Structure formats: C-alpha cells, structure tokens
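Two complexes are shown next, each including chain A; its partner changes from chain B in the first to chain C in the second.
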Partner chain A sequence: MIARLVPYFLVAPALLLIAVLLTGLSSVLGWSFQSSAGDGAAGLVQYANLATNESYRHFFTYSLWLAAISTFVALLLGFPVAYYMEINASPSQRKWIFAGLLAMFLSDYVLKMFGLILILGRSGLVNRLAMWLGVTDAPFKLMYNEFGVLVGLVSGILPYMILSLNGVIARLDKRLHEAASVLGAPPWRIFLLITLPLCVPGILAGTMLSFLLSLNSFVTPMLLGGGRVDMIAVLIFDQAINLANLPLGSAAAGVLFLISGAVILLLNGLGDRYQKRFQR
Partner chain B sequence: MSKSSGFSVLQALTFAVLLFMALPNLIILAVSFNPEATLAFPPTGISLDWYLNVFRTPSFAAGLQQSVFLASISSAVSLVFGVLAALAIVRFRFFGRQAINALVMAPLFVPEVVMGIAMLLWANAVTAISNTTTLVILHCLIVLPYVVRLVVANLQGIDPNLESAAMLLGARPMQAFLRITMPIIGKGLLGAAVFAVVMSFHNFTATMFLVGSRPTLPVAAYQYIRTENDPTVAALSTMMMLAGILAVYLMERWIGLERLVR
Partner chain C sequence: MTPSLSFKKRGITLSGLSVELQGKRILDDVDLEIFPGEIIALLGPSGCGKTTMLRAIAGLQRPSAGEIVVGGQAMTDVAPYRRNVGMVFQSYALFPHMTVAENIVFGLKMHGVAPAERAVVLDAALTMLELSALRDAYPARLSGGQQQRVAIARSIATQPSVLLLDEPLSALDKKLKDDMRSELRTLLKKVGMTAIIVTHDQEEALAIADRVAVMNEGRIVQIGTGGDLYHNPNCRFVADFVGYMNYFEGSIRSGSDQRLELDIGDARLLKARSSAETPATGHVTVAIRPEAITPMPKSAPVDQDEFNIVPACLISEEFLGIVTYLRFQDGKGRDLLVIRSGQSRASPLRVGEHYDLAWPIDVTTLMPAEPQAA
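Let's look at the complex of A and B:
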C-alpha cells in the first residue's frame, strides 16, 4: 500500500510549487471581476471596459499585428539559416552556428535590446554610416517607433525560430529530392512540393513559439518603443504597477492568457491534423 | 538554375542573418572600450574605465548579489523538486501520471506578464511573505519545467535493470539510486543546473512585477539604460556575454547542446 504512494510523495514538492501558481492565477481571475474603485464585485465591467475603450482595444489588436509581422519576418529570415546549417554546412560549420545560436538563445534579452539601441539610435551605427556615406543629412528615426520594435521582436525570436526549424530540416529524406530531380522537377518545384510540406510541423512549432514570445514581449516595447508603442504587456504592467489598477490589469492579463491558450490550441490542432493526413 | 549559384545565395543570406543576430553583441563589445562618456560608434580610442565603473556602480553590485542569490537558491530547489518529480514520472506507472506531467510543464504555457501579476497578487493575499521569498518561488516555477524535461530525458536514457541488479546484490533502494543512477545522470544534472541558473539569472519580465526596491542585475541594467547614457552597461554586457559563453561551453560538455533544444 505504502509502495503505491511513493510516486505521489516524489511529485508532491513540485506540485506544491505549481499549486502556488494556480492560486495566483485564480486570484488574477478573481481580481478581474472587481471594480476599479475597490468597492467590491463588479461582474464583467473590466472586460467590457477593455472591449469598448478604443485605446485599450488598440493595445490588443496592435500587439497581435506586431506579433504576426515579426513571426512572418523571422520565418522568412530563419528558414534559409536552418536550411543552410542542416543541408549545406560542413559538420564543424554546423557546430559553430549551433553554438552561436544557443549563446544567443541564452544571452540576456535586456542587453540584446541595448545592443540594438546602439545600432538604431540617433547617433547609432546605422545613422553614423548613412551620414558618413552622405545618404542623409538628418538622422533617420529608427527607434521609439514601430520599426524599432519590429526589429527588436524579430531579433529576439530568430534563435527560437531557427532552432524549431532545424529539427525537421535535418530529418528531410534526401532521396525524395533526388527522385524528384531525376524525374525532371525544377528546383523551385522540389522546394514547394517536397521540402516545404515536409517542414510544416517545424514551421508550426516555430510560429507558435515566436508568435507567443512576440505577443508577450515587454522589454522590446519599453526599450525600443520608448514605452510609446502599444503592447499588451506594457498595458498590464502600467495598470498593475504604475497606476495600481489591479482589476483592469488582471482583466487584461486574463484576456492575454486566453489569447495565448487559443493560439497554442489552434496551432497544435493544425499540426495534429497535418500529421494525421500524411501518416496513413 | 545551376547548383552553385543557389548555394552561394543561400550562403550569403545565412551569413547576413547571422550577422544581424550577432551585430548587437559586437557593437556592445566595441562601445565598452570607448574612452568617452557617449554610446557613439565607432569609439575614439581604447579604455577600460567603464569596466571599473561597473564595480563602482552600487546598483550593479546590489543587483548582482540579488541575482546570484535568486539563481542559486531557485536552481537548487527546483533541481531537487525536479529530480524527484522526474523519477516518479519515468520510473513509476501511477494514476494521474499524465496529468501531473502536464501540470509540471504548465509554467511554460503561462505568459510571463501573467505569471508576474499572478505572483504579485498571491504575495498580496499571503501578506506575511517577503518580496525575496516570492521572487524565489517565482524563479523556481520558471525553471522547474526545464529541469524536469532535461532530467526526464536523462533518466529515460539509462537502463533500470542496473538498479535492479544492485538491489538483487543486496543494496537498499536509496543506496542503489545514489550509487548507481546518480553517477550516471550526474553530468546531466550539472547541465540542468547550469541551464536553470541561466534562465533564472536572465528572467526579466515576470521579475519586474516583484522587484520592489531590490532590483536584480537585468533590472538594474534596464533602469540604467533608461536613465544614463554612458558605456557602463556595455562593459557590464561584455562581462555577462563572457559568462554566457562559459555557460554554453559547460552545457556542451555536460549535456550536449542538441539535447537542450529537443
């Protein structure tokens, strides 16, 4: 009898930790039904506020838009890198690229954004170069706006995207390409009809990870957007910490949690259906 | 299209993207040696003043202390909790195993801001708890899923018959685990510990909700970037990059880099 309880004793400490998180999440839910004035329960007032107030709504639509664009750009930029490192690179080249990617994956996000400030700022690398070359007299405005945030988001998610793609690319069966090529298919057809479909699971995984990371990004809009670019995490932090409006912050967190969950379910579902179709 | 031209376009693209990813780090490295108090590039000379200034900046010293404290406590705690949970998940078949496995991985799916506000509200409700304790719990939650995943992968790689053989020869279960299994997964555990330390050390967004008056090192760097305009943070970044390279090297030796992302 006691022997059957052993696994439960083993997982108990970890579950205790998880229980703290679940308690916290349920208080987020609880707070989101309070009124901002602090005079008790107020039903869905906060959610209605988020849905009807134009400026709050913009935080959500704009974050989704920025996350979508940055994920798409990261996919376009990341695919060639993943393809090159798995197919064309020599083993030692591959190892170096891999170590470099991992170093970036593990490097500090705040400091990476600081590096981008040095590149995009008024007297940063790009503007210095442009003025030296005589392209422009006045410095370009490359940060504290949408462009700066997009560059920051793409740079932040690229390592995740590449590391999600290289797994599926490494497993590509080269004989399929050879067969198609022997049968006379041009390279672009081989890419579109063989390589790309086989990579879909990795593309979906990378897209999910990148989209969620961009959507939840806080450091990038604060440092490269100067706090002036509307992203959800900034709204939640402002409401919860700076304005001490916990009910509205909690409601926004609740909505973000739901959106993230929906994205995970949607992309996982797509992946499962795709796998089933091809595993007959 | 000839094969060689396709190859070189791909190669050029790859190196352009890799350069884009590495450029922020390279610029930081260059600016950190700038003798002037500006963040301009290119630097006008070479100086190590800003490196000394890192140590003279009180918020960095305090931040480093807080970050090291959080990272060591939370990775030690989550390593112990994680190894126990991983043992249950790999070695036992019990009711609710799948659900428990999913629960332990749950923090990975909670957005960081949501995690931050959740822990803030939890700490408000509990009242008699210090900020630092809440931060330790938060960091444990953040690293736990990674630790469990790495240790599970490690445990699945070894033959349970080895332990059975030891017990058949008279070892007690605890003895068999400590003398047989632990030495085999030891390196994997070290790797997981380094990974946990790195994840805890760099956590920013969720931590930001709870720091109060005792910022961690990334938060101190963030506050410095927003208010000051000299290369001290560049010097700090360079030192952290060196530490990061060391961490990658240790993980390559102890768990293998491929294991980390699969």
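Let's look at the complex of A and C:
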C-alpha cells in the first residue's frame, strides 16, 4: 500500500511547483485581458494595442532579430569548439574546455554580465587595450547599444549551444568519414554531406534552446543595453513594474509565451521529421 | 556495369610496411607484391592486423615505416580521396541518412559522373546484389546481410582499380555467400580489378582468390596458391590454418640426397623426401594431411620403400556424410586423424582394433620444429 504511494510522494513536490507556476502564468494571462483603466472591461484591447502600436511592435521584431542573430553567431562559434573538443582534443584539453563551459554554466547570469561590463565598458579592458595600442583616441562605444547586447546574448547562450552539439558530434561515427573519403570525397564535402546532416538533431536542439534564451533575456538588455535596447522582457518590465500598466505588460508576456511555444513546436517537429526518416 | 571511369589495371607493392599504434607494432615489416588484376585473400586470426593493412593501403592509417606503391605510384603521402581505391568496411559504414540508392551512387557523385550514367550503374549494381526492392530504404531498416550487400555495391560502383574488402561476405547466409563469392570473383575478373579480400573462412579464401596470404601477429607468414599452402605449408601455423594436420615431432637420423630418415621416438623411423629447404640435421616437425592416410589391416602387405607406416588403434568413428572422421591413437599416445571419403565404407573398420596407418612418403611434409607451438 505504502509502496504504491511512493511514486506519488516523489512527484508531488515537482507537481506542486508546476501548479504554482501555472497559477502565476494564468493570472498573468488573466490580467492581459483587462483594460488599462482598471474598469473591469475585458477583451483583446491590450493585444490590439500591441499589434497596432508601431513602437511596441518594434520590441517584438527587434527581439526576434537579435535572438536569431545571436543564435546564428553562437552556432558558428560553438560548432568548431564542440567539434574540436570531441574529435581532436586530447583528454586533458577536453577536461579544460569542459571546466570552462561548466564555469560559464555555474556562474550567475548577472555576474557574467558584470564581467562583460568590465571588458566592454568605456574604460574596460578592450578600450584600454585599444587606446594603449593607439588604435583609437576616444573609447569605442561597445556597450549600451546593439553590439553590447549581442555580445552578452551570445556569451550567455554559447555554453548551451556547445553542449547541445557535443552529444551529436560525440556520436558521429568516424568510419563514415573514412568511407566517404575512400569514395573520393575531399574534407569539405565530407563536412557538408556527412558531418553536418548527422549533426542536425543537435543543431536544432541547440538552436531552440539558444533562441528561446535570447528571446526571453532580460538581464542582458538591462545591463549591457542599459535598458535602451528594445527587447520584449524590457517592455514587460517597463509596463508592468515601472509604468504600473499590468494588463499591457501581461499581454506582452502572453505574446512572448505564444511565440516561444510556436518555436518549440516548429523546431521539435522539424527534428522529429528529419530523424524519423532514417532511424529505426 | 559499364566502366564509367577511366580504368587502368594497377598492381600493389608493399615494402617494409610497418604500422605502430600506441607503441604497439600492429604491422611488422610487411612485403607484398600483388600483380595487376590479381585477387589476394588475407587469412589470419582475429587481431593479426588484416584490417590495419587494408586501412594503410586505403590511406586511412599512416604507416610508421615502409612504402605503398599502387600502379607504380607512391601512395604513402596521397590523401585517401585521391587514391581511387575502393573499400568495403568490416562494419559496413553505410551512411545512415542516405537511402540504399544514395549510398551506392555517392562515390560516382564524388567523381563527377553524370546523373544519367549514375542511374545506369545504380541499376546494374542493385540487380547484381539483389537490392532492387530496397533502393529507397534507409540502412537502419536493413538486415546485416542486406547492409553488407549495399556496402559491396557502393564500393564497386566507382569501379576502382584496387578494391579492398574487409570480410565482405561474413554476414550472409551459406547459400547467398556461395553465390556471392563466385559472382564477386567473376565481376572482379571481368573488370580487371586488383583486390585484397580479408576473410576468416579458408574455404572462401581458396574459392575467391588467386593467391592466399596467411598472416599472424602483423606479419605475412606464407603466401601462395591454395595448393601451395595446403600441400607445402612452411610452418605449423599455416598448416593448421588451412585444413587439419597430423604431426610428429622428430629428429633427422640420416639423410641422403633424396631421402631423410626421421626418428620420431618409440623406435620408429619415418622417411621423407629431402628438398632444398629441409635441414640436414636437427629437430623437425613431420606433418601429414588426414586424407593422405590409409588405414590397413595389420596383415596387409605394404611397400616400405614408398610408404610410411605407424600402427595405431581406432578410437572413434564419426560419419559426417561426405566424409568420415576416424580418430586413432598410436603406441606413444599421439592422436591421429584420418579422413576418408564417405564412399569408402566398403571395408568397415572396427573401433578398438589395431591398424597400420600408411601414407606415401611423397606427401610427408617437413617443417622446422617449433618450440611447443599450438
């Protein structure tokens, strides 16, 4: 009797947590259907407001754009690292790279961003170096703009991207490359025709994670964008907290939620269809 | 198949080829000369370096010393994709994300063969390997034997002048295996490909190859036609690998230019023909194939000048259809196997009786004695 209840006890805390989160989420959704005047009128006013107002719309299109760019850059930077780590690195090199990734994972997000501020700021490492070398007289503006946010986003998602790619690259069968090589394929064709297609599941997983993390990111645009870079989380925070317009902020959160869900469904669907073709 | 790429017969020469992996010598100073269009079988126990030799020839394994020459061209520093050498991998190594058809035409695409011509070669390969029904299937859905046939089709599609096959038929059932090996030989000979085929199966080696190379511990122990290896093995290792052998350890008592007399203990002398290779004195191993021995009734007259005779007791008899295995034991407790064809059951032998085992002096093989080799 007790034994049969054990599984329920074990899952209960997690279920409770999920229930609390869902309650929060649904109350946010509830708010999103209120009018800003607080007169109790319900409907899609807030959503219509978001859709018609050019400057609100910009937060969404610009966030999607930044998320896409940062994900793409993370893929370009992450793939060689993951590949090197799995294929070429000696065991001790592997250990060091892994330790670096782990440090990036474990350190607090805010801490990481402050680290970047020390590097990118007006009198940060990069600018001091550039001025010392005489490359420039006045410091570059590397922060509180798009560039700073992109650097922040990329460094935030890079470890997720690398670890998503690691799995598929580790499972690559070296003999497939050898077979292709013997059949006359030079290295670049092997990469395009064998390596890349077999890494697609990992690329999709890493892309999904990275894209969502970037899209939903709040600390980065706040700290490295100085709140001046239009990302959705900043809009939500401004509206809901600073301007006390909880309904509009909630509607923005609702839209962000929908976009994220759509991205998950799309990329998961693509991955499934791709793999089902040739797996048992 | 229509030859689609410029075809030129090419021989293979390995000289002093050594491969070291993690400080271990996997191939040890191998010399091998394969003539253009010749089919060589590599026979040897697991781990003796057969795959490693193929990998070195294909360019997948860098030799630590020695030369690889293919078609008169030094290959040691040539990248694998420029060698135009075909290979069937022991593990098949099919591309999992490509269909059977896509796998087979991969090499043709890499060599820039036009689509129309690719289609012709593909159809021929699918037909030859009985894969037509599976052309659009992905490798994960295929049985081991089907995957193996796709691997063979993929490797011969480009008609490389040198083809390396690493146990290409091991996953097929007996019937298909027998069909495939004669078809493979016919194809290789028709196109004129030079081929090295690795196998564990001596029967397959003898059936498919012009010459057989027996390997052990990274070296080629002996190379020759099936007949050479069977009738004149140069050591116990080869003799045991190609069929079964009976052995006596002995020492040379006296030798003339034609004949040797060998003392095998038990006050018994055996005679053998001397040849250039046989030592004049010292310890030797005497080897006799089981089918060369005839059991005779004790009283039967035997020409002592032409035959060796060892008396022995019949211990057991196993009737296996085509042949019968007779196990004897001689006075010194040595086990002797005699194989007789199933027909010769006219005069049945009785277990427990003593017989004279006789065999012609001509088929008595001598080899250097080995320190307790298995």
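Assume the second predicted complex is superposed on the first by the 264 of 280 C-alpha atoms of A that agree within 3 Å, B and C clash if a C-alpha of one lies under 4 Å from a C-alpha of the other, contacts with A are read in each partner's own complex, and residues count from 1 in each chain.
The rule is simple: a residue touches a chain if its C-beta (ideal position, glycine included) is under 8 Å from a C-beta of that chain, and two chains touch if they have at least 3 such contacts.
A quick note: this is a predicted structure, and the numbers were derived from the prediction, not measured.
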Fit or clash - chain C, chain B, common chain A: fit
Touching partner for A:Leu198 - first (chain B), second (chain C), both, neither: second
First, second, both or neither for A:Pro186, with chain B first and chain C second: both
Touching partner for A:Ser250 - first (chain B), second (chain C), both, neither: first
Partner chain(s) touched by A:Ala42 [first = chain B, second = chain C, both, neither]: neither
Contacts of A:Val11 with chain B and chain C, given as first, second, both or neither: first
Degrees between the directions from chain A toward chain B and toward chain C, using C-alpha centres, nearest 10: 90
Which superposed partner A:Ala130 touches (first chain B, second chain C, both, neither): neither
Contact breadth on chain A, by residue count: chain C or chain B: B
Chain C versus chain B - closest C-alpha approach in the superposed model, Å: 8
Intersection of chain A interface sets (partners chain B, chain C): 186
Partner chain A, residues of chain C touching it in the complex: 58-60, 79-81, 83-87, 89, 91, 93-98, 106-107, 110-111, 138-141, 154-155, 158
Residues of chain B defined as touching chain A within the complex: 1, 6-7, 10-11, 13-14, 17-18, 20-25, 27-28, 31, 38-42, 78, 80-82, 84-85, 87-89, 91-92, 94, 97, 100, 103-104, 106-107, 109-122, 125, 137, 140-141, 144, 148, 198, 201-202, 204-205, 208-209, 218, 221-222, 225-226, 233-234, 236-237, 240-241, 244-245, 247-248, 251-252, 257-258, 260-262
Contacting residues of chain A [partner chain B, same complex]: 4, 6-8, 10-11, 13-15, 17-18, 20-21, 23-25, 27-28, 31, 77-78, 80-81, 83-85, 88, 97-112, 114-119, 121, 123-125, 128, 155, 158-159, 163, 167, 186-188, 212, 215-216, 218-219, 222-223, 232-233, 236-237, 240-241, 246, 249-250, 253, 256-257, 260-261, 264
Residues on chain A engaged by chain C in the complex (per definition of touch): 173, 175-176, 178-186, 189, 193-194, 197-198, 277-280
